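Two complexes come next, and they have one chain in common, chain A, joined by chain B in the first and chain C in the second.
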Partner chain A sequence: MEIKKLATAGTLESSDAFITVEPNENGIELNLESVVINQFGEEIEALVYSVLDELDVKNVNISINDRGAVECVLRARIETAVMRGKE
Partner chain B sequence: MNINETYGKELPLWQLLSCREERVSKQQMLFDEFHLPLICFTLNIAGPVKRFALADEAFFYGYNSISDQLLNGGFAVKYAEYIERDSGFEGYFVIAGDALEIKKMAVSIEESCPAHRLFDIDVIRPDGTKVSRSELEMAERKCLVCDNPAAVCGRSRAHGLNTIIERTHFMLRELVYSRKAEDIAKKAVKALLDEVYTTPKPGLVDRNNSGAHTDMDIALFEKSAHALSRYFHDISLMGMTAENCRGALSSLREIGKNAESTMLEATNGVNTHKGAIFSMGIMCYAVGFLMGQSEKITAEKLRKSCKEVCCDVMADFDGIADKSKRTAGEEFYLNHHIAGIRGEAYYGFPAVFDLALPFFEDIKRNGFSENEAGCIILLQLMAQIEDTNVLKRGGTDGLMRCMTKAKHLLSVRLPLTELMDELKRFDEEMIRMNLSPGGCADLLALTYFADSII
Partner chain C sequence: MRRSILFMPGNNPGMLLNADILGADGIILDLEDAVSPKEKDAARILVRNAIRYLGYKKSEVIVRINSLDTEFWTKDLDEIIPYKPDFIMVPKISTAADILVADEYITKLEEKLGFEKNTVKLMPLVETALGVENAYAIASATERVRAMLLGGEDLTADLRCKRTKEGNEIFYSRSRIVVACRAAGIDCYDTPFTDVNDAEGLIKDAEFAKSLGFTGKSSISPRHVADINAVFSPTQADIDYAIEVMAIIKEAKEKGLGVVALRGKMIDAPIVNRAVQVLEAAKAMGVKIDE
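Entry: the complex of A and B
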């Protein structure tokens, strides 16, 4: 799946995350901020790569501002951002 | 606990997530229009069910607290509204003021009692950034269950969803119930005050005089009524958390005894409200009980609950014939078959629900002021009720004279101003005879109270 334009999903409310995707030509670039980065940084990072892989996104600039979202919320927000960016 | 209070429809995740995005667009619209900081208030309800009666009620307590605090703090509120979504109510306040100052106010509400942990009062600047607690050098919010930061426990689901939901519902109940109990207590105190302010009342303390009493006046009654507020609150709360109310009276005796001490302390040993502690206490408990069952309170239901609470009260008279020393109430029961306030309670206060309350509604509709209506109700009660307070001081003779006079005044159908003048003369007569219908006064207070609840 190709990201064709800048798109966002989510909010900065607690237990949510705000995701921005932008077109990129050199693979996946992840910029992660999280209120629980010390506890869950690696887990979140792994999740992002796995969701992008499932969606077959090879090139993207993705920024995540995580406010403590649980996995299913993060997953849903990333998927929505990607769907909005491919159109 | 009524199941309906925490039962509601599950909100699918996708819908919850889109509600949040809509909330942010709503905020953006307000920023575009006002270019000012805003408060966005929501409840923190764990689990997939976001909407149920208790949660909605808690929202409005929170919304009103914020309104009040903004007003008290002199904040310039430019816009305020609440909207309803599937994810719960949301409150918005746009304020011409410093975002940090607003956040300070918000945090003070969030921290003012443990159950306010469920309030999420976000303060957002016009650029969309939220004022964080750390900007006020305050600790981030703690988990509902333990002392760790909320974000960490929330992310790891450290306590399991069920524990969090249970804890949330417990806090909601605490929040809503204690507010409701406060409300009931306020009305009970007001009813006691309205009773003493009702003027003229034959033989009783009122705005004109101290009636047939030498040891009390209106100021003492005010002091005593306010001192009982805590008791009315606590007994209402007991009613709300009770599974059923049948025969509950015996479990209320101790809190009633404590209330008597509180009263005597406030009045320096004068018995101002002993009867009210008994009867108003029972009615507060019954009101609390019905609220705990989420029932709409009608006169009929309230009467029935009072009756159930007091179903064992006549046992007080068991074996009094064999006693060597009897109280005045026991003597009256034994010798005159007058059960006094116990009898009233046993039958669910018929003097209030059959006599005073219907009549009260009726005369208020006919354009009488609350005070005039109260005076006439009291006269009705004095005509019908064998008041043990009058009996105690005046014997059967005094009681008969008092009841006959009241009946006479009601039967001659005087114009209102003349009736009020007659009441003043009746007052003087009662003072001369040293008679005071304190039992009827308690029933009048109960009538005011029931009227304010129903």
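Entry: the complex of A and C
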């Protein structure tokens, strides 16, 4: 799936995450900020790559500002941003 | 148990995470009024994931989709039906033909997914004058319809009258919905009480709805759930009386008596049926009953 334009999803409220995706030609570049980065940073990174793989996204600049979102919320917000970015 | 159903905004992760620990017998994950048009896609994916990953074991799951006159409702069903919510609530249902449109679409999805027919049930939201007049036709339109909700706010706008706490303006509609649902053999939920800070008013309103025959009541606030559950639960006095009724009926049968009385009142079939319903409700609440 190709990201064709800048798109965002989510909010900065507690338990949510704010995601930005932009077109990129050099693979996946991730910029992660999280209120739980010390405890779960690696798990969140792994989850982001896994969701992008499931959505068949090979090239994207993705920024995530995580406010303590659980897995199903992060998955939903990444998917929403990708869907918005491909249109 | 179907005493309380609680609306939860579909695009709010914090509220969705805790949705089934608030004591409500059913949670309504809302994709309609609680979600702005530009966030419909986000809420649809979030609610789908919440059902898929969070499970919601403590409450029935009801998803309110967008109304049939929008571009959203088929997309809502496409995302949600694969994860088998207990109910789909369809707003603004005014005729049997309306609910059959949703039924037909869900039937096709169930066939495609290999689900048994009617795996996902329907709860039409009746909130127009025409809907109230067609309540029985809607309630009995298809086997998939297993419950109905009365929406008092939109209804009073359609009736062109003011919505009041006393609720005289929706008395006829409430009664009509109860009779229609009972005639069709389905459950019926009353409209929410919208003053979050008026606990006394809520209890009065819920007691009135119960007295009319409603199965339970909807709520827009977690703070209302405990009071609604209490009102729609049988009291200990109800349970004790029901046990006495069943005991005296058993005794009469053993003695071959045709007519029996309890506390000076003849016990006939409707009283026995009521006692059975009370004991079933009590058992569902976890009350241990020695019979």
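FYI, the second predicted complex is superposed on the first by the 87 of 87 C-alpha atoms of A that agree within 3 Å, B and C clash if a C-alpha of one lies under 4 Å from a C-alpha of the other, contacts with A are read in each partner's own complex, and residues count from 1 in each chain.
Basically, a residue touches a chain if its C-beta (ideal position, glycine included) is under 8 Å from a C-beta of that chain, and two chains touch if they have at least 3 such contacts.
Only a predicted model underlies this, so the values are computations on that prediction, with no experimental measurement involved.
S.K.: Go through the superposed model and pick first if A:6 touches only chain B, second if only chain C, both, or neither.
M.R.: Once the two structures are laid over each other on A, A:6 reaches no partner at all.
S.K.: Check whether A:39 is in contact with chain B, with chain C, with both or with neither, and answer first, second, both or neither.
M.R.: first
S.K.: Is A:76 touching the first partner chain B, the second partner chain C, both, or neither of them?
M.R.: Both partners, chain B and chain C.
S.K.: What is the contact status of A:14 with respect to chain B (first) and chain C (second): first, second, both, or neither?
M.R.: Both partners, chain B and chain C.
S.K.: Which parts of chain A are touched by chain B and by chain C alike?
M.R.: 9-10, 13-16, 69-70, 72-73, 76-77, 80
S.K.: Contact residues on chain A for chain C in the complex?
M.R.: Residue positions touching the partner: 9-10, 13-16, 69-73, 75-77, 79-80, 83-84.
S.K.: Going by the contact rule set out above, which residues of chain C touch chain A in the complex?
M.R.: 12-14, 16-17, 41-42, 45-46, 48-50, 52-54
S.K.: Provide the residue numbers of chain B that touch chain A in the complex, in ascending order.
M.R.: Contact set of chain B toward chain A: 13-14, 17, 20-21, 23-24, 120, 122, 128, 130, 150-152, 154-157.
S.K.: Applying the document's contact rule, which stretches of chain A touch chain B when the two form their complex?
M.R.: 9-16, 35-36, 39-40, 67-70, 72-73, 76-77, 80
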